[in-house]
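Letters A, B, C and D mark the chains as written, and numbering starts fresh at 1 in each.
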Amino acid sequence: MSLPVQYVWLIPLLPLLAAGIGAVTPRGGVKIASAAAIGAMVLGFFLSCGALATALAHPAAHATANFAWFDLGAGTLRLGWVLDPIAAFMLVMVTFVGALIFIFSTGYMHEDERAKQFFCFLSLFASAMLGVVIANSLLLLFICWELVGLASYLLIGFWFHKPEAAAAAKKAFITTRIGDLGLLLGMLWLYDSTGSLLFYDGGHGVLEPTAVANLNAQLVFGGLALSTVIGLLIFCGAVGKSGQFPLHVWLPDAMEGPTPVSALIHAATMVAAGVFLMARVYPLLTPDALKVIAFTGAITALMGALIAVAQNDIKRILAFSTVSQLGYMMLAIGVGSWVAAIFHLLTHAFFKALLFLGAGSVIHAAHHEQDIRSLGGLRGPMKVTFATFAIGMMALAGVPFLFSGFWSKEAILHAAHGWEVSHLPFYMGLTAVVLTAFYMTRLMAETFFGKARTHASEHAHESPASMTIPLVILAVCAVALSLLAWPSPWLQHILDPKAHAEGGGAGLMVLSIVLVAIGIGSGWAIYGRTTREKATSADPLAARVPGVIAFLGARMKFDELYAATVFQLNAALATAADLLDRYVWDAAVRLLAQIGIFAGLVNRETDEDGLNGGFDATSESLRDTGKAYSRAQTGDAHGYLRTVAIGFVLLVLIVMLGGRR
Amino acid sequence: MNNLPLLSLIIFTPWIGAALLAFLRGASVSVTRTLALAFSLAPLALGLVAAAAFDPARTAPQFVENHLWISALNVHYRLGLDGLSLVLVLLTGIVTPAALLAAWRQEHCPRMFGALFLLLQGAALGVFLALDFFHWFVFWELSLVPAFFLIKLWGGASGRGDAPATRAAYQFVIYTIGGSAFMLVGFAALFVATGTLDFHQLAQHGADGALAAKLGASGVRWVFLGVLLGLAVKVPLWPFHTWLPPAYAEAPTSGSMFLTGVMSKMGVYGFLRILWPIFPAQLHAAAPCLIWLAVAGVVLGAYAALRQTDLKRLVAYSSINHLSYCLLALFAVAYATGRNGLHGEAATAALSGAILQMFNHGLSAAALFYCVGVLESRAGGKRGIGDFGGVRTAAPLFAGLCGISLFSSLGLPGLNGFVGEFLIFRGVFGLHGAAATVACLGLLATAIFLLTFWQKVFHGPLGPNVGGALRPDSSSATDPSGHQAPPTPNGFADLNAIELAPLLPLVVLMFVLGVYPQLLAGLINPLVTSWAGHLVLP
Amino acid sequence: MSLSPLQLCLLFSSALFCVGLVGALSRSNTILVLLGVELMLNAANLNFIAFWRFSPSPSPATGVMFVIFSIAVAAAEAAVGLALVIAIYRHQKNIRLQEANRLKG
Amino acid sequence: MILPLVIIALLTIAVAAIAMTLRNLIHSALLLIGSWAGIAAFYFWAGAEFAAFAQVLVYVGAVSMVVLFAVLLTRRSRADLEVAPDAIGRGLGAMLAGGAVLGVLFGAVFATRLDVAPTAAPTASVRAIGQQLMGAHAASLLVVGVILTVALLGAVVIASTDREGGKEDAR
């Protein structure tokens, strides 16, 4: 079975239809909405497999189907779909993980009376995300990209009657939009300089050698190549969407959405859009741009891992771990190995989905207790969740050989090590490896080991099958995805056949294994050996370095920093605009009006004294004359007639006598 | 069909309806409302007939009617329809019935209300169809009269006129007339110099430099400034916009819908139809300055909206912001006129974007004003941003439709607003990159204030005017899970069928035009392409 | 002296006019005053016909036209005048003209 | 040719003069009808048949009726028909004024040379008059029509003033 590119639009269309069905079903129709959503995703998954088969048949080709959107000037504005291995892998991943999330949601959301809306939004999200993946035009990608943002806004703010949720949704939308402005500008610049936005268009697309060479040749300010500037502007969009430093602040807040499903959406799939975008436009990126991307990624990876160490909310730990992992992916792109980035993206999607769903299962079981200090001892009652969560944790931590995360992280570190420009990102990545292993161990130890510290965790019970089955499937996948890289680097060959697989990374592998061991070991030493007694007892690490942990716990004070700078600036600008209106322009208008009124006043005085005076005198004399004449009106009709007759006689006489003379 | 004076019919059918209403003294309220609605729909129907017979490939005006009117002044009664006019006629045809439907519950003398509205509609249609300055100006000024009375007599918090409404009405009319007075003087000068008031002939004079030869360079400059002032006030161009927020805020809901949906377009239309063709060289010379005024409108309009607490003023400022995009596009085109290089495509995009933006803003701003009107009527005249909260819980359907309008206004792809804004930015970036970059800030601020609006009014716990006081024990705001059912509202009803009627068509159009902009683009593209093909200076 | 027919006609109309005038001036009954005025009008009409009849080149029917219009207007005048008489009678219970002087200055 | 004219003239003037002096209103009115008939006869003599017919129809037929109605409507008793003798002074004044006018007019007629050769009577056929009315004088005809309508309406309005207002005014 294979799906030609001409029909690839069916894949995003299906969830869109499901969203439409969800929107129009009446309030109670959760069953219909969820069935439509899951059906669309499952069908989409099979179609994606067909698309993958098509793509793998010609791995080096970028099959496209372009079409005209509307007339513009002499030509038309064209959009299009593309089907190549990277898109096909993403399609399969999104539909597969998406379907599992949807199934999980039926269990998780069954108490919520607005669940059908939830499925509607989920379907919209999936549709937009799939659209991003197969878009063959930066414009179409941007459209879907914004729709992803909308869907995430709706999902984060799903419980909108909670003010925090509403605020978090707004924050997410605005923050990503800041990045999107960069993307928009980049897109505009690209369109302006190439006259097209299609990625692949039979030699005329912007990612094809002619256009890229042209862009590289143009220099703009500071001697930078035009493609560098455009690439960095596009990267801004990715920074916003993928939660990279410094626009990562929205991602942890996004955990206000329905726990943990929308969190999972954001962590596992949506944020991947940024990485995917950079992988998609990789041909445009110049070494200069890549440097920026690599350092941004490295900083994000390290920062996310550091902050995660000091978080107590199970979802926030996972959220910051996501930030950190996304940093890894960006790092991979920056050091030139976009294949490693995509590989890590795929594996991360599965094991992070596993972790989030596991966390959801825990939260669901523990009656919405999310603080790991209040949990504990869940290993006993929740065996399936524990086992699958452990697999996810090991995949994330990079426990060697068996788990997919190890291989993908290894690929990234390998690429970073081979980067000629600087080794600093490599060392930052290594540090993050230790930290990742450390905080994941802490999470495991606090949540599942020890004894139950609150009422909620004491009465925890295993989640229903609709939630555990997806966990098991994801756990299997988290392991099985190792096959993409081992025993042979198959994915590498498919995605980028030109790059030769480098061997001889054994030393590096040993190094990272050692680092993982250090991380897990120290984590276990601090948190696992002697478990927490009470929910309120002090954190052992915080007891030792209180200042550092407090700083990290407050998320390095980024929110405060922005509140003090960006928000203030924004508010100041708004105030200035308002004051300008109120006091400057309005005052000018009022002044003008006053001048007009003054002129009117002057005019009136002149009128009254000069013109009116003369007029009044004339009127007075006229009235007197009238009075005098009126006395002649005796009311005697005979008299009038007589006067007329005599007057006539006199007149005739005068005329006649005058005529004689 | 060929002999039918279609365009005159479009203009005068509403006026016939207005006259009918004015004389139907004894008719019942429902009859007058139905009549008004029927007559306001007639231009839409006729406009669709025109659109069906319209040949987009011809760029000259079609369905031309030309009769000598006042021979002493060489005034012709000349009407014509090209893509730009057609788009705006359709917009007027859509927005007016929606506004009348919005006033369906309006009890204060609905007969005169309907009559004035139809008068307003006919005048606006006349502006969009006239090809001769004389009756163009008549229509232009005539539109002020019903607008004045609508604001003064039906405006204000009570819906029956009060002191602020009266003040706003006077300010609106005097400000606008003050602007048009300069325009009238300018055209008088043009008439003296050229002996014609025909737009097409004037444009030819302007293009081949005959105008400058007759009036002298400085004379033309003064005339240009006069006309510019008249149009700038109407649009409004920053900083001539201070009349707009009070007028829009004090007008009745349907009045605001029409003001923003149609009347603001009259100004932009004037820029495209009069100022640009007749004074290309002067506009080009002034463009470097005007561009930054438009950018100021985009950015500062959005930021000023951020500070508004009155929802109507907020939407009014968003109108300033959105209309400034149209002007930005035009000024950028004028700025780049006559230069070499790859400007044709960018100019086409900018102008197409401006026209699409006019239509799209008409839809979304009218819908937004309507939504604010619904909120206001539910809350008994209150419309502060803090007077609500949790409306989405109480009225999900209303919230959904209002949300779509908001996102349309915000320029979300997939809805109508995006296409126009994208094309404008694409064009302006190619013509004047710095302006486009700064204007991007406006996009961000727009998103911020619209989402703040949405968040404060629709989200959060039920607010004071939505469901009354919350039961303190079961407040879902303090529930960490948020899993419990939201408290049941009592008092804020969702939309009923009549209230849905004005909003639904607008929202459906937002979707349709967002996904398939070819519907409009196909009508205007040849026209815009030919405009962009003649960007030469005399 | 010899009178032409035209002069005879004119003398006739003059005499009639003066009869009407004397009547209108001397009688106090408003109806009679009005009738006097009617007589004067008719006298004027006589002149039209006379000049039409005896003019050197009588243009087609102009005099007759005048007379016809004049008769029509006189009829209207009579109607209004008599209506006024009735109105005056209603007001003052008689129709003596010299008492109808409430409009004097 | 002259003789009929003289007879008509003398008769008409005599009738009119008697009508103006009679004391009985009804008699006056009836005599005046005779005078109008005389004028019609003069029109006939002059060859203006159409005018003659119009005179008969309008004056002899219609105006006379209106006059009689007015006379009958404005009397309260038989005695009212007898008009009281008018003041001698006014009668004298009237005679003087009338005489002066007569003198002036006669003087003017005699002093003016109107030696027009008697010509054949011009013809004014009804057809010609009709064409004139509808052609050259169509506008005048319309105006006269309007005047008549307005006058009739006005007459009705004036004559039908309500009693209340009338009393108030009479006070």
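Please note the rule applied: contacts are C-beta pairs under 8 Å (C-beta built on N, C-alpha and C of every residue); 3 or more make two chains touch, one makes a residue touch a chain.
Just so you know, these numbers come straight off a predicted model, no measurement behind them.
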item	value
Minimum number of chain-to-chain touching steps separating subunit A from subunit C	1
Chain nearest the global centroid, as defined over all protein CA atoms shown	B
Between subunit B and subunit C, centroid-to-centroid distance (C-alpha), Å	72
Intercentroid distance (Cα basis), subunit D paired with subunit A, Å	103
Whole-Å gap between the CA centroids of subunit A and subunit B	31
Subunit A residues counted as touching two or more neighbouring chains	638, 642, 645
Interface hub residues of subunit B, defined as touching at least two other chains	none
In subunit C, residues with contacts to at least two other chains	21, 25, 28
Pairs of chains satisfying the touch condition	A-B, A-C, A-D, C-D
Sites on subunit A touched by subunit B in the complex	69-74, 111-113, 139, 142-144, 146-147, 150, 157, 159-163, 165-167, 169-170, 173-174, 177-178, 181, 184-185, 188-189, 191-192, 195, 259, 367-368, 570, 573-578, 580-581, 584-586, 588-589, 593
In the complex, subunit B residues that touch subunit A	174-175, 239, 241-243, 245, 299-301, 303-304, 306-308, 342, 344-346, 348-349, 352, 390, 392-393, 407, 412-414, 418-419, 422-423, 425-426, 429-430, 433, 436-437, 440, 443-445, 447-448, 451-452, 455, 458-462, 476-477, 479-483, 485-486, 516-518, 521-522, 525, 528-529, 532
Of subunit C, residues touching subunit A in the complex	21, 24-25, 28, 33, 97-98, 100-105
Contacting residues of subunit A [partner subunit D, same complex]	638, 642, 645-646, 648-649, 652-653, 656
Subunit A residues within the subunit C interface of the complex	629-638, 641-642, 645
